[in-house]
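Each of the next two complexes has chain A plus one more chain, namely chain B in the first and chain C in the second.
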Partner chain A sequence: MSTLKDALTSALGENVTLRDAQYPNSVISCTVPKEKFVDAAKTMKKAFALLAAEWATDESPMGRGFGVYACYRWGAEYLIVKTEISVDDPTFPSLTKQFVPAYRFERQIKSLMGITPAGHPDPRPWIKFEDWPEDAWPLRKSFDPSKPMSRVKGEYQWIKADGEGVYEIPVGPVHAGIIEPGHFRFQAVGETVINLEGRLGYVHKGIEKRFESLSWHEGARLAARVSGDTTVAHVLAYCMAMESMAGCNPPERALWLRALFLERERIANHLGDLGAICNDAAFAFMLYQMMRLKEMLMRTNHKLFGHRFIMDKVIPGGVAVDIGPEGKSEIYNEMDYLSKEFEKLVAIYDENSSLEDRVRDTGILSAEMARELCVVGIVARASGLNLDCRIFNPFPPYGQYERLKLDVPVLVTGDVHARAWVRVLEVRESIRLIRWLLVNLPGGAIACPETMPEPGSAGFAAVEGWRGEIIYWLQAGLKGEINRCMVRDPSSVNWLGLEQSIHGNIVPDFPLCNKSYNQSYSGHDL
Partner chain B sequence: MNPYPLIVEMLQIATLIVLAPAFVGWVRTLKCWAQGRTSAGLFQPYRDLDKLFSKDILLPENASWIFRFTPYLVFGTMVLAGGIIPILSIDLPLAPTADVIVIVALFAIGRFFTALAGMDIGTAFGGMGSSREMMIASLAEPAMLMAIFTVSLANKSTSLSQIVHVIYSGQSVLRPSLSFALLAFILIALAETGRIPVDNPSTHLELTMIHEAMILEYSGRHLALIEWAGMMKLFLFVMMGMALFAPWGIAPRGDIAAIPYALVITALKLGVMGIVIVSIETGLAKMRLFRLTEFLGAAFLLATLGMLSYFILD
Partner chain C sequence: MIKILLQILRTGIVTEPLPPAGEPGIIGSGIKEPCIIEPEIKEIGTKLEEAIRKRFRRSLTIRQVDAGSCNGCELEIHAINNPIYNCERFGIHFTASPRFADMLLVTGPVTHNMEIALQRTYNATPTPKLVVAVGDCGCNGGIFGTSYASLGGIDKVIPVDAYISGCPPTPVDLLNGILKAIR
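Moving on, here comes the complex of A and B:
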C-alpha cells in the first residue's frame, strides 16, 4: 500500500509506468511522460508530499537520453518520478512553482548536466562558476574530467536592492573563522536585513562525477569524504543504497554498530554546535566546555575504532571494526560522565537570561515556511515538522520501536533557541540509545561477503545524519559499474531556510542564526 | 624649578604605556581560567604587539591621510590622557591644564578619528562599525559627563587631581549620590572600552563587531598602535574610576616617598578590577545591538538620579 502511488496513478492513469530494478522495494519508482512531469508534482503537492530531491542522469551508455528524477516523501514513503528527456531537446518542465527547493536543484541540473528547466524563474547558474565555458557540463558522459577546462570571462548577477539608505554587505567567501567558504550578500537598511542572498559552490570538487570512475568499494571511501563532520552518515547511506541493489543483508551486529557510530557522530557534532552557538553570543565559557566534551568523545573514537571521526569504518556489507567488552564498558562509563557534565552545562544555558535574550525570537523559520521549503533534520524539527529517518525509514535497530522507544523532539518556535534545544534533547536521547545499544548488542559477524549490484539497477537510501536526512541514489550501468551517484546532503535544502529566517533580523544577529543552522558547504557543493 | 612633578609625570606615563598590556594580559589570563582553559600568560599582549610592530603595513588602495594619521592620534590622545588622570600621584603639571571634561573630549577625539578612518577606506564593515560606534558614543558620553559631574559637585571641582586632593583633605564624605554615579560609571566604562556585554573584544565575527569593525583594515605598526591605545584606554578607565571613587593609595601632593607605595597599590587595584571585569564578562552574553540604548539609558538615568539625590539629600 502506498498513498503516493495511489494518488499518482489515480490522477495520471495510464501515463504512469512503474519501473522495476529500483531497490529497496519499499521505494516506488515510476516514469511519466515529460508533459506530465508537472502534473505529477501537482498531484504530490495535493497529497501533502514534500520534495526530497531532484536530479538528472545521463543515460547515454544505456542507449537512452537524459533522465530527470524527482523524489517525493510523505511520512515513511518515498516515491521517485522519472521523466525521460531526449538528447535533441534537453529541456524539462520546472517544478519550482510547485516545490520551492526545486529552485536550487534545477539550477544545479542546468549548470552541471546542461538540461534546461523550462519556466524556471532564475536563469543564473548554481555551483557552476561564471568563468566556466557555456557548454561545460561536467556530469554529462561526454565531458572529459581529465583535461583542464578553458576559462572564459563572466560575472555573477546578484539580486539588487535600491532605495534610500539601502546598502550591501558582502561577506566571504573567505571568512575570519576556520570554516568553509561561502559568500553571503546582505542588503540592509540601517541594521535591519531586508534580503540575504547566499552563493555557494566554492568547494565544488566534482564528487558526483568522480563516483562514476570508481569501483563500488572505492565509492564508499569517497562517500565518507563528502562532508567530513558527517562521514558516518554519508558512507552509511551509500552502503545501504548499494547493499539494497546487491541484495546483501549485513549481519545484525554490523547494523547495531552502525547505529552506535551514527549516534556518537550525532552527539559529538551537537555538542560542538551548542558551544559554537553560545560563543557567537560572546558566551565563550560554553564553547570551551562543550568542546572539551566533544574532544573526549573523539579521543575515545580514536582509541576504540581507530579514527576520531570513525571514518571508513562503515564498509559495504557491514563494518570494519568490532567492539570488545572493554570497549563497551569504556563507552558506558564515558556516557555516564558525559551525561552528568552535559546536564550541568545545559542548566547554565537554560538559566542564563542574557543568553536567553539573544537566542529566543532570533532567526525564526515559521512552520509554514519550513514546510514550503521542505527543510529536513534539526531545522525541520525546530519548526514543527516531524521528520526523522530513524523513525520513518529505519534500519535495525531503529526499526525495533517496541524495544527502543525512540523519542524524537519536535519544537514549534523555529528560532535559534528551538534549533539549539532540539540538539540538547537529541543528545540526551542519543546517550540513552548508546547505552541501550551496548547492553543489547547482538553477537555474530560484523560483515557479510560482498556482492555486487546487478547491472542496470538503481538503489536508494535515506539516513538521518546529525544535520538531517541524507539521501543517496545509485544507478548501476550495463556492466554493473557506477553510472550515477546522486548525493543529497541536508544542506542542499536547509541553506534556503537560513536565507528566509534572517529576514527582518538585524545584521549582528546573523552569525548566531547561521550557527544554529550550521549547514555543510562541502556536502552542498559536492 | 622643582623637577619633581616633571619626573612624576614621566613616570606615570611610562607606567601607563608599560603596564597597560600587562593588565589586558591579566584580564585574559583570568578569563581563560574562568573558562577552564590554560592561558597564554600575562605577557602575551607584549608578544602580540611585538609581532605587529615587526610586520609590514598593508594600506588599502583608497586610504587617505586620515587612515594613516589616526593610529598616531589615537595613541597620542591616550598618552595625553595618561598625563592628566592621577595614577601614581596628584602632582601632575598637566593636571591644571585639563579637567575631566577635557578627558572625555580627548577620548571623543580618538573615537571620532577612528570612526572617520573606518569610513575612509569605504568597506561595508568599516562604515557599519563607525555607525555603531557613533550610536554608542551619542548615548555614552552624556551619561559619562553626568556621572562625573555628580562626583564633581560632591568634591567642588572638575579637575581629577583636585577631586583626589579634596577627598584626601577629609572634606568629602560618603554620599548616596556617589553610589549612583559609581554604578553609572561602571556601565559606561564597559561600553566605552568595548567589553562584554556591549562589544566582544575577542570575536572574529565581522558582522557583530563594533570597535573591531572600524579597524579591520589596519595592519602592522598601525594596528599595533591602535591595539596598544585600546589597552591603555581600558587601563585609564580603571584608573579614572579609582581616582573618582577610591583614590586611596595615590601619592598626595609633594610626597615622593609615597610613589613606590602608590605603584604597589595601583597593581593591587588593577588585579582586583581584573577579577571584577572577568566575572562580568564570563557570566554574560553579548547584548543585542539595540538593547544598548536601554543599557546606556539606564546609565544616564542612574547618573541623573545621583545628581538629583545630591541636591535633594545632601
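Moving on, here comes the complex of A and C:
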C-alpha cells in the first residue's frame, strides 16, 4: 500500500512501469516516458510529496542510454521515478517549475553528466567551474577521471542588482575562520542584504566518480570521508543501501551500536554548533564551555572505539568495535556529567537577553518557504516541517517506537533561535536515547559476513544524520561492481534555505545565520 | 550574569595542566572528567613554547587553508584551540588574513577548483613562510587520490615544509607536526 504509487498510477495509468531489483522493497521505483516526467512531478506535488533528490546515471555499460531519476518523499514513503534518455538526444524536461530544489540538482546533472534540462531557467554550470573544458562531463562513462583537467577561459555570471546605493560584498573562497571554502556575494543597501548568491564547488573532489573505481568495501571508507563531521551517518547510509542489495542483515547488536554512534555524533556536533552560534553573537563564554564538553565526548570515543569521530567503525555487515561493561559504565557516567553541565549552560543561554536580541527573529525561514525548498533535518524542524528518518524511515532500534518513544522536536519560528533550540532539545533526547540503548543493548555478534550486491540491482537508504536526512542510492553494474553512487547530503538542499533566510537581514547577521545552518561544503560539492 | 560567573568559577581552568603522565583529569571543583590527560601534551607543549619563544618571538601566526578537505581535519584544528589544548598558551594564533601569517596550515588533496585560490593565498603570505600539509589528503591525496578533480597533495601546488599524516590527525599529532615544522 503506497499512497504515492497509487496517485501516480491513477494519474498516468499505463505510462508507469514498475521496476524491480530496487532495494529495499519498501522503496518503490518506476519508469515513465520522458514526456510524462513533468506530469509525474505534478502528480507528486498534488499528493503533497517533496522532492528529495534528482540525479542522473550513465547506463551505457548495461546497453542503455542515460537515466534521470527523481526521488519523492511523503511521510514514510519514498518513490523513485526514472525516465530513460537516449544518447542522441541528451535532454530531459526540467522539474524546476514544480519543485524548487530541482534548480540546483539539474544544474549539477547538466554540469557533470552533460544532459540538458529543457526549460530550466538558469543555464550556468554548478560545481563545474567555467574554466573546465566544455565537454568535461566526469560522470559519463567515456570520461577518463585519471587525467588532470586543462583550464579554459571563462567567467561566472553573477546575478546583479542595480540601483542607487546598491553595493556588492564578495566573500571567499578562503574565509576568515577555520572553515571550508565557498564564495558568497551579497548585494546590500546600507546594512541590509537584498540578495545573497552562493557559489559552491570549491571542494569538488570527484567523490561520486571515485566510487565507481572502488570495491564495495573501499567504498565504505570513502563514504566515511564525504563529510568528516558526519562520518558515521554517511557510512551508515552507504552500508544500509549496499546491504539491502546484498540481502545482508546485520545482527541486532550491530544495529544498536550503529544507533549509539549516530547519537554520539549528533550530540558532539550540536554542542559544537551551539557554542559557535553563541560565539558569532559575541558570547565566547558559551563556545569554550561547549567545546570543553565536546572534547570530552571525542576523548571517550577515542578511548572506547579507537577514533575520535568513530570513523571507519561502521562497516558493511555491521560494526568494527564492540563495547564491554566498563565502556558502558564509562558512557553512562559521561552522560550524567554531560547532562548536568549542559542544563546549566542551557539555562544561561535562555536567560541571556543580549544573546536573545541577536538570535530571535534573525534569519527567518518561513514554514511555507521551507516546504517550497524541500529543506530537511534541523533546518526543516525549526521551520515547522516534521521530518526525521529516525521516525519515518527507521532501522532497529528506532523502529521499536513503542519501547523507544523517540521525541522529535518541531518548532515553528524558523529563526536562528529555533535552529539553536532544536539542537538543544535534540541533545537532551540523544542523551536519553544513549542511556536507553546501553541498558537494553542486545547481545550477540557485531557483524555478519559481508555479501556482495546482486548485479544490476539498485539500493537506497536514508539516514538521519545530525544535519538531517542523508540519502545514498547505489547501482550495481552487470558484473556486480559499483556503477553509480549518488550521495545527497542534507546540505544539497539546505543551502537554498540559507540564501532565502538572509533576505532583509543586516550583513553582520550573516555569520550568525550561517552558523545556525552550519552546512557542509564537502558533502555538497562532492 | 551571576550564573555565568558561577559556571566560570565552577569550571575553573580545564586546560591540560601538564601533569605527570596518565593522571586522571580534574575539573575545577574536583569533578572527575571521564577521560585522561594525554601524556604527550606535556612534552610537546614545553618544546613548542620554547621553540616559538626563540624563533618567533613568542608568537607563531597561522593561516589555515582548506584546499578540499572533508572538514574532518578542520574539526581537529578547531580542537587545538579548545580550552583543553589551548594552543594560544604556547603562542600559536590563528589569523584571518594570510598577510599576517608565518605559517600556512593546509588541508585537503587540493581540488582543481581550489588550486588557484591556494596559490594566491600562498603568494599573499609574506616570506619567510612555512607550509604544513595536514592529513593524509594533504600529504598525498589520501582516499581521493589523483584525479581530474583532485591534484593529490599540497606539494603538487606549493612547496611544503612539513607533513602531518593521519585521517584526521589528532590534536596531539597536529601540535607535534607544528613543532616539527618550526624546529
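Methods note: the second predicted complex is superposed on the first by the 526 of 526 C-alpha atoms of A that agree within 3 Å, B and C clash if a C-alpha of one lies under 4 Å from a C-alpha of the other, contacts with A are read in each partner's own complex, and residues count from 1 in each chain.
The rule is simple: contacts are C-beta pairs under 8 Å (C-beta built on N, C-alpha and C of every residue); 3 or more make two chains touch, one makes a residue touch a chain.
Here the structure is a predicted model, which is why all the values come from computation and not from measurement.
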Specify the partner with more touching residues on chain A, choosing between chain B and chain C. C
Between chain B (first) and chain C (second), which does A:P138 come into contact with in this model arrangement: first, second, both, or neither? second
For A:D273, decide between first (touching chain B), second (touching chain C), both and neither. neither
Looking at the overlay, what does A:V226 touch: chain B (first), chain C (second), both, or neither? second
So, does A:K147 touch the first partner chain B, the second partner chain C, both, or neither? second
Touch test for A:K209: chain B only (first), chain C only (second), both, or neither? second
Between chain B (first) and chain C (second), which does A:K303 come into contact with in this model arrangement: first, second, both, or neither? second
Could you tell me if A:P173 is touching chain B, chain C, both of them or neither one (first, second, both, neither)? second
Name the contact category of A:E429: first (chain B only), second (chain C only), both, or neither. neither
Looking at the overlay, does A:E263 come into contact with chain B only (first), chain C only (second), both, or neither? neither
Where on chain A do the contacts from chain B and from chain C line up? 176-177, 285, 288-289, 292, 352
Which of the residues in chain A end up touching chain C in this complex? 129, 132, 136, 138, 143-149, 173-174, 176-181, 201-207, 209-210, 218, 221-222, 225-229, 231, 272, 285, 288-289, 291-292, 294-296, 298-300, 302-303, 308-309, 311, 330, 333-334, 337, 344-345, 347-348, 351-352, 520-522, 525
If we count contacts the way the header does, which residues on chain A are in touch with chain B in the complex? 167-171, 176-177, 191, 278, 280-285, 288-289, 292, 352, 354-355, 357-358, 506-511
Once bound in the complex, which stretches of chain B touch chain A? 31, 34-37, 124-125, 127-128, 196-197, 200, 202-208, 282-291
What residues on chain C touch chain A, complex-wise? 3-4, 7-8, 11, 14, 31, 33-36, 64-79, 81-85, 94, 96-98, 108-109, 111-114, 117, 121, 142-151, 167-168, 170
